[in-house]
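Shared chain: chain A. Partners: chain B in the first complex, chain C in the second.
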Partner chain A sequence: MKKIFFFVPLISIFILLLLIGISLLKQDNIFQNNKVKSVLIKKQFPREQILSLNNQKLINLQDNLGTPFLLNFFSSWCEPCKYEAEYLEVLSNKIMIIGIAYKDKETDVYGFLNNFGNPYKKIGSDANGETAINWGVYGVPETFLIDKDGIIILRHAGPITKDVMINEILPKLKEINL
Partner chain B sequence: MKNFLLIFFFFLVIDIDPSLTVEPHEIISNPIYENRARDLSKGIRCLVCQNQSIDDSDSDLAKDLRRIIRKKIIQGDTDNEITQYLVDKYGNFILMKPPLYQDTYILWISPLLLMLVGITIMYFTLKRK
Partner chain C sequence: MINSFIIELGHISLISALVLSIFQFSMVFIKIDTKYSFIPIIPKLVFLTTAFSFFVLVLSFILSDFSLDLVSKFSHTSKPLIYKISGAWANHEGSLLLWILILVSFGAVTSNLNLSNKFHSILSSTQGLLNTLFLSLCLFTSNPFNRSDVIPPDGLGLNPVLQDLLLAFHPPTLYFGYVGLSVAFCFAIAGLISGEIDRKWASTVRPWIVISWITLTIGISLGSYWAYYELGWGGWWFWDPVENAALMPWLIATALLHSIIVLETRNELKSWTLLLCILGFSFSLLGTFIVRSGIITSVHSFASDPKRGLIILFILVLSILIPLGIFALKADKFGTNSKINFLSREMSLVINNFILVISSFVVLIGTMYPLLLELINGTQITVGKPYFLMTLSPLMILTLFFMGIGPLLYWKRNYLSKVINIFIIPIIISSIIFICFILFSNFPLVSLIGFSLSAWLIFNILYSIIKDTNLLTVFRKNKNVKLLTSHQLAVCIAHIGVAIFSIGAVTENYFNTEIIKQVKLGEKFELGDDYFIFEDIKQNLGPNYISEIGKLVYYDKNGNIISTLYPEKRLFPIERQSTTEVAIYRKFFGDVYAVIGDGDNDKGYTFRVYSKPLVSLIWIGSLIMALGGMLSLKTKFKKKNFRKINEI
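Showing the complex of A and B:
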């Protein structure tokens, strides 16, 4: 009986290490580049109507079903957004990009687009941040790739760098024949 | 000593309600709704600060989440529906107290295992003495 007791700490620590090991191996599922992976991946994009930037019409994202597109949350006040502008420009030659101006003013957005280029086919406005929450967004910039069936196949939180474009986004575009 | 006690009680008093972050304009006039919102917010993680609940955080995202929770309460959603909505968007990670599922086994089991180790070590040490 005593001998069994002796092994309790050893066995417990072994189980603990085993669990830590398993969760470390699985961490890739929860975290991606130290960022929490979006749970929306492989799911249909949130159905909603977004007010266009000039508040004059509604943008219905469902209208884009059948065509893959990138959805990019950005702001004129967001520094990293300026940085990713040139790469969005490159990507806009390959895929339609819809921009969502996050907590921004119309005039500021147009100023931003004049300075850094306009890669967007359509621009929606998310004045109070609710659309962003509906997409599980943490902050700007954040970009989603939606395939022709309306399924989110990639989410990138943070600016699109040259590296991200070449190693993450372009290979995914290739996967969907773009 | 007197100063020390004063300071001590000061911090004791200001700590009664740690959430001084909920701004007056956010508060719903219906106290039952407001209490529900506060309770829910305490269980929701501020994703950009990660170790604070949105009830304690002053970040923009936390404010937006607090506002959404209040909006949904007013719309008549149940607490479960609201929590589920947030989990659907941000994953279980948004819950301050993650549920027991495959990825969180270690969180729940490790204290028990460590307690077992402790008890066994204590048993042997006391016995030897």
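Showing the complex of A and C:
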């Protein structure tokens, strides 16, 4: 009879853990992968002029209205940027890519492009990070897809992997007939 | 940036710690335990490998190596060095690694203890299993060595609320206490399985319980003091789930601290002590990890991932239910030999033990109730201060009462007439204090009970000092004055700490006054008899924040300047967060506490000013308790320490 008392702690903690388990499972978002969404999605891209890398001229992004393009923030000091270079190369055959060198030096950027290839049609420089703030950039690398009307239709923070290219970017390109 | 190689070495080192732990766990099954020299080496290797990987993590925080995801999220190049270091454990992954480091260091230290072969191999295996579970949790769900996909150039910063020197030390101290209870936990499991529970077992495990109790006490006090001056809410305890999570193991550890003495001196209360050993660490685990599973939200919340919650729950089930199952099956072997006499020191200890355990369950219910109610009918409620005050106050009143009795009684049994002789004077004195307060003051009744019982406790402690040192009889009977033993001294100091704490807590709760007012420059406002003039507001630029500092001149009722207070509000632009820096003027009889809120020069600024009498007694009392604990570490109970009832 006395032995039953020794089971009281076991049973009470078991019930407690069981209830915790049930409420954990009831949480709606349990097996959903929630990603950071950009407020800029489905909106016009920020209008601004960007200094080109060699400080020679201004790049006006509005000039590109009418043709879709990818805007890619990158840096020579960024390890994952090296990784995505080969996929940007593939994408550059389908769509124009404009690169923005984020908080970087001109010579370093040219060194980086020599080593890993240059998929960019134009390269802007964002030495103090202002452009990145306007675009709400989380970090480098980060890529935006802008359609012919100047509306941002895709944003990807992090490197473009094979998976991301095939499952996210290429379908979107198909949607806008590219 | 440090070399990628070193980071990977740290990562590999952590993986080897896991492999070694699995080996340490399995030793008991594959009978390596016959080669005894093996056992103490493995836990030390586990410790060294974990320590190295923790060192690598801290190093990458110091050097701001943002190729580590964790560093890029929780550090920033503009942060002062000390906060870069403490940033290493100001997040889920890093703090889990620190937690594990402390766990394995206890494993390494206890591997040197002189224990019987069988007991030691079961102990080592149990510790190996714990290490395995938590290292797996760390490596598979919360790996601090994950690399970042996206590299922010300066890091995403650290919560500015956490940029505080005290807070750099609060988590490590608290973790030390939490994890220290794992020693008692593993000892209890090894004891249950091997059957070796005796006075030697108790004297081996007692220092570990005392050490974790001391660090828990200090860690909780640090956290409470930090909340008091940093959060700017004017309180010292908010019944936040994480605070409760620390309070529950503390209450159990306090009970354990006392019951282990009964086991060590009287060889009684075996199964009860074993249960407390298991519950203490189980509550630590529940408290620490429920918060990380994301089902309870609190100011301490970490960014959570529900999938991780399920894995954490699974680990909790393994590490809590298995030991409780072993307890349920084996505990009847450790029954009590003799009945405990009602009028004895044991009985007052048992009563207080029950009260402490009930209190910890009351806290558990209060913490879990909102969760369970939401589960049953979907309503969301919060259980706050009123519930805890209503349930815990009567329990604490009983505790204070029995704390006053216990140390004055002898072990085994006492004669009723002698007991009445002892307690007649303290009862009269406390009653007189109580009646005087009722007649001559309009204090709330509960506060009066609190004060009278604190007085009762202090008086009884002083009385026991006089009795134990023979001060009363020394003149009459020509006896020599005896010095207090280290144990008696420890008891007196720790219990005086409790009395001081109670006075502080009761006063803070019932006698604090506050005023919230919007004031323009040059205006005056009153708090009680004193008044304040808002003289100036300044803008200031800190290393990584912008601040607004108000200047409040504090006058007493006769118009003399007492002090000038500079409450401050800091805005951290990178984190887009603001913190309050409270201005506190400390007097012997209490604090004046000023917080500046939002405002501008036209409308004026909002100020909150509190007068908090005797509030510092809360932390002074807690530290005195911890000091008592430290003294009791020296105690060695011997057979001759038993006092017989016919002594004196």
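Here is the rule we use: the second predicted complex is superposed on the first by the 143 of 178 C-alpha atoms of A that agree within 3 Å, B and C clash if a C-alpha of one lies under 4 Å from a C-alpha of the other, contacts with A are read in each partner's own complex, and residues count from 1 in each chain.
The definition used in the following text is that a residue touches a chain if its C-beta (ideal position, glycine included) is under 8 Å from a C-beta of that chain, and two chains touch if they have at least 3 such contacts.
Model, not experiment: these values are computed from the prediction.
In the superposed model, A:L17 lies in contact with chain C only, and not with chain B.
Of the two partner chains, chain C is the only one that A:E79 touches; chain B does not reach it. In the superposition on chain A, contact of A:F69 is made with neither chain B nor chain C. By the touch criterion defined above, A:P9 lies against chain B and chain C together after alignment on the C-alpha atoms of chain A.
When the two structures are aligned on the shared chain, A:F116 is found in touch with neither chain B nor chain C. Residue contacts after overlaying the shared chain place A:Y138 against chain B and chain C alike. By the touch criterion defined above, A:Y87 reaches neither chain B nor chain C.
By the document's definition of touching, neither partner reaches A:F45: not chain B, not chain C. Of the two partner chains, both chain B and chain C are touched by A:G129.
Of the residues of chain A, those at positions 6, 9, 13, 16, 19-20, 22-23, 26, 29-30, 103, 129, 138-139 touch chain B in one of the two structures and chain C in the other. Within the complex formed with chain C, the chain A residues making contact are 2-3, 6-7, 9-10, 13-14, 16-17, 19-27, 29-31, 75, 77-80, 102-103, 129, 138-142, 157-159. Those residues of chain A whose C-beta lies close enough to touch chain B in the complex are 5-6, 8-9, 12-13, 15-16, 19-20, 22-23, 26, 29-30, 36-40, 103, 128-130, 132-136, 138-139.
Contact residues on chain B toward chain A in their complex (touch as defined above): 47-48, 60-61, 64-65, 67-68, 87-91, 93, 102-103, 105-106, 109-110, 113-114, 116-117, 120-121, 123-124.
Residue ranges on chain C touching chain A, taken from their complex, read 67, 72, 147-153, 271, 275, 278-279, 282, 290, 293-295, 306-307, 309-310, 313, 316-317, 320-321, 324-325, 327-329, 331-332, 335, 364, 368, 371-372, 374-375.
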